[in-house]
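Pasting the structures here.
Each of the two complexes below includes subunit A, the first together with subunit B, the second together with subunit C.
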Partner chain A sequence: MGAYFSEIFRGLQSLAIGLGITFKEFFKPVVTVPYPYETIKMSERFRGHIELIENEDGTPKCVACGMCQRACPSGCISLASKSVKYEVEVKGEMKTKKKKVLTTYDLNFTTCSLCGQCVESCNFDAITFSKEYNLASDRKEDFHFDLLNRLEERNS
Partner chain B sequence: MSLTILNAVIAVVIAIAFAALNAAYLVWAERRGAGRIQRRPGPNVNGPLGLLQPPADGLKLMTKQLIIPGGADKALFMVAPVLAMAPAIMSFVTIPFSENIVARSMNIGVLMIFAFASLGAMSILLAGWGSRNKYGVMAAVRAVSQNISYEIPMLITVITIVMMTGTMDLKELVAGQSGGIWNWNLVPSLSSPLMPVAFLIFFICTLAETNRAPFDLGEAESELVAGFHTEYGSMGFGLFFMGEYANIVIGASLITILFLGGWGCPLGLFPGVWWFLLKIYLLIFSFIWIRWTFPRTTIYGLLNLSWKILIPISLFNLLFTAGLLKVF
Partner chain C sequence: MSGPIHIQPGETFILNVGPQHPATHGVLRVKMEMDGEYIVKAETVLGYIHRMHELMGENRTYPQVLPNLSRLDYLGALGYTHGHVLAVERASGIEVPERAEYIRVITVELNRVASHLFWFGAFVMDLGGFTPLMYAIEDREYILDMLEAVTGSRLTYCYYRFGGLYNDIDDEFIDRARAFIPRMRKSLKKYDALVTGNIIFRKRLEGIGPISAEMCRKYGATGPVARGSGINFDVRKNEPYSVYPEFDFDVPVYDECDSLARYYVRMEEMEQSLRIIEQGLDKLPEGPIMPKKKPKLIKPPVGDYYQAVETARGSFGIRIVSDGTKNAYRFKLRSPTYSNMSLFDEACEGMMIMDALALMGSLDLVIPEIDR
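Entry: the complex of A and B
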């Protein structure tokens, strides 16, 4: 009999504690953000799709070595480059040298698993994760990103 | 003669309008309250403070097609939502909001309200049964067992009060409690020291009778999809929803009338309809508060609570009060 009543009282007590907690929460400020009107800054370690990093002069840091392309397990990176001749002064005399310049850098985000192997394999710190998360479309072409184009858009 | 008919029509129109408006805006209040408790704003886009959300929801529900599933019992399927809303509106007719604001004062008002309230279980049973859906049937079975087991302690508590006050007239019940908080039925007196317990029992039973969380086993989404209204769309669903909230208003009004002194002021000052409304909305707030605090019980827990705790205690209260009434 005693156990019966003590169970009722303990039950009521625990219910009252629960009500007290929600009552306190009721008057605390709202913690969510009304999304389309306001957004929060993504955290430092947020992994969006990859993005090219630029030099000070706005050209991509990428030297088109293709390490990222090779590192990608799903094969979603495809890049192309061309050889460009340029002159440089070495020990007082002008020399003509060749270097590779990135012409296209396409990311097929439909197959990307965001593993980050490409970013890890890059020896020139030329790619990073973007903070982009507003990715929704009903056409798969919208997920084929031309990263070089995006870089230019960012600069313009 | 024509004047009495006009009176009746006006009373019915006001009752329907009050029930519908309350139902619509309690949904808003519930969603805002849930939002606050979970520390998010709740609906706030349509209109100031989201106040245009209920009309928008209503329009959306009304413009949708009412689909009757193949194999369903058409008549029962159509009758059930109406049966959810109609008793609630009927009950409004006899509830006194203040000394003068009552559509039809009856000397058996308590009996009438409980008679109509028990029709609510019928609507759930018919909805679950008529829609030819296994989840619906299971929800109906649950709702009926729940309503039977909670109507018993509820009515025993009401008998206790009727025994004490000697009246079934809601107006007289309130009149007997006028004059201040110390006259309310909630407060224990010499002849009824267990009234707070009776209030608690009645409050819990009201929650269960209106199928509110934590006793909303009839529409337990996690097990039964949407329970008895799984197959309902459009305004059929809307009527169930509105009926639920109208029943909540009835339940809160009953608690106010039976225990909290109706339209009387706690200090005996300025009795009037505003006190009645304040009390029922405070009670409704507590319903919302409870809903968003406690998780749903199991069906066994629900039945155990009623048969092992509420019914014995309310029976004891009845006998105890009867004995004390005989002595004093």
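Entry: the complex of A and C
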């Protein structure tokens, strides 16, 4: 009989201790952020979707070698290029050379798993992670990013 | 219009437990044959989010599989990637710098604490207490922020590389990790007072949901489930890998075999993980995080390789059969929760349904990892 009552007493005591803890927590500072009105700045290494990096003259650094395309596990990068002839001065002579120029760089963000293998595989530091994370849409097409277009928009 | 269903004495009915919508993340269905509130027979139904990770491992090159491994278990992702990189490193003979190994251990243990914290919150919520989940998530958030600053993402890290790491840690990370240890110890005391002592919590777990050591051996259960049944098995101690032999930590083992024992094991494991992190931060050597010599294309020599690691849920094994090409010939994943869950059918026979749900909570199931 005594054990029965002491158990009831200890049980009530344990509940009171728990309530004491929750009461103390009540006066602690708020840790959450009222999201749409206030956002948290992403850390420097945050891996968002990829963006092209530009040279000083505004053209993309990308040389269209296709390493990112091959490294991507989900096959979400597709790029195209054309070869352009240009003249360069070598030892006082004008010579025509060919180089590849990026014409399209499409990222299908719907299948991207944000692993970062493309950025790592790039030998020219031509792509980086965007810090954008407020991406929401009800249309699939909104996540087919034309990165070359985005670069031009950023420059203009 | 049909009237209420009258069940005759001795008649049983089938109860389906669990969401089945494929878009939700934890889709486990349990078909229970019920006699009133007692379970006569239970059958777990799997495969709702099967994603063929093993087959993907055979179709992709070794580095391309890396992001897949963190999608097995979204709560303790680093442990699984650790297993994969260790297996491939062993297969192709890549040497890992010591600093990288230490950082791997520190981050894996942080991830283990985060995983156990979430389990703690979810488990108490299964039993009807909502508040501890909020406190646990607050502490877990601290770890996630810390790991995000280093790895770049919050859940699916993809941080380890063959031979080393993706990024080095900075002083800010070390300071935050050092500040985290006393904070977490204080929180563990708080959880102890709030939950462990609680009479309702104890009455629902003490002596309920027995899983014997024989049953664990029969189904191959590992991790906290086996250690709560008195089996002293921890891959970190029994088959040491990485730099774990250099750390001083204990493996908590309880003989009670009930749901409360499994709870105790996990709570104590968090303390032990904090000890490992503390020692790791003290011992952290300087140096590179990637080896100087590393093959550009990873092509392990022909052979059969196996590597087991202790993740937050138990022993995770990865078997790679290589035929010398850049893709694996066979990529087999042995996931701990698959074995831990398979004993549920036998363990819950004859139990009341709410006790069975408490037992299921104490198994710490992560469904994407079962279905793979």
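Rule of thumb we're sticking to: the second predicted complex is superposed on the first by the 123 of 156 C-alpha atoms of A that agree within 3 Å, B and C clash if a C-alpha of one lies under 4 Å from a C-alpha of the other, contacts with A are read in each partner's own complex, and residues count from 1 in each chain.
We take it that a residue touches a chain if its C-beta (ideal position, glycine included) is under 8 Å from a C-beta of that chain, and two chains touch if they have at least 3 such contacts.
In this text, all values refer to a predicted model and were calculated from it rather than measured experimentally.
Judged by the touch definition given at the top, the superposed model places A:26 against subunit B, while subunit C stays out of reach. Within the superposed three-chain model, A:96 lies out of touch with both subunit B and subunit C [touch as defined at top]. In the superposition on chain A, contact of A:123 is made with neither subunit B nor subunit C. Within the superposed three-chain model, A:156 lies out of touch with both subunit B and subunit C [touch as defined at top].
Of the two partners subunit B and subunit C, it is C that touches the larger number of subunit A residues. In the superposition on chain A, A:34 makes contact with subunit B only, not with subunit C.
Of the two partner chains placed around the shared chain by superposition, subunit C is the only one that A:71 touches, whereas subunit B remains out of contact.
Using the contact criterion defined above for the overlaid structures, shared-chain residue A:137 touches neither subunit B nor subunit C, since it reaches no partner. In the superposition on chain A, the residues of subunit A contacted by subunit B and by subunit C overlap at 15, 18, 21-22, 25, 31.
Note for the complex: subunit C touches subunit A at residues 60, 63-68, 71, 131, 135, 138, 141, 145, 148-153, 156, 158, 166-167, 190, 193-195, 197-200.
Note for the complex: subunit B touches subunit A at residues 33, 35-41, 44-45, 289-290, 292-294, 309. Remark: subunit A residues 7, 10-12, 14-15, 17-18, 21-22, 25, 31, 43-47, 71-73, 113-117, 120, 129 touch subunit C in the complex.
Against subunit B, in their complex, subunit A makes its touches with residues 8, 15, 18-19, 21-23, 25-32, 34.
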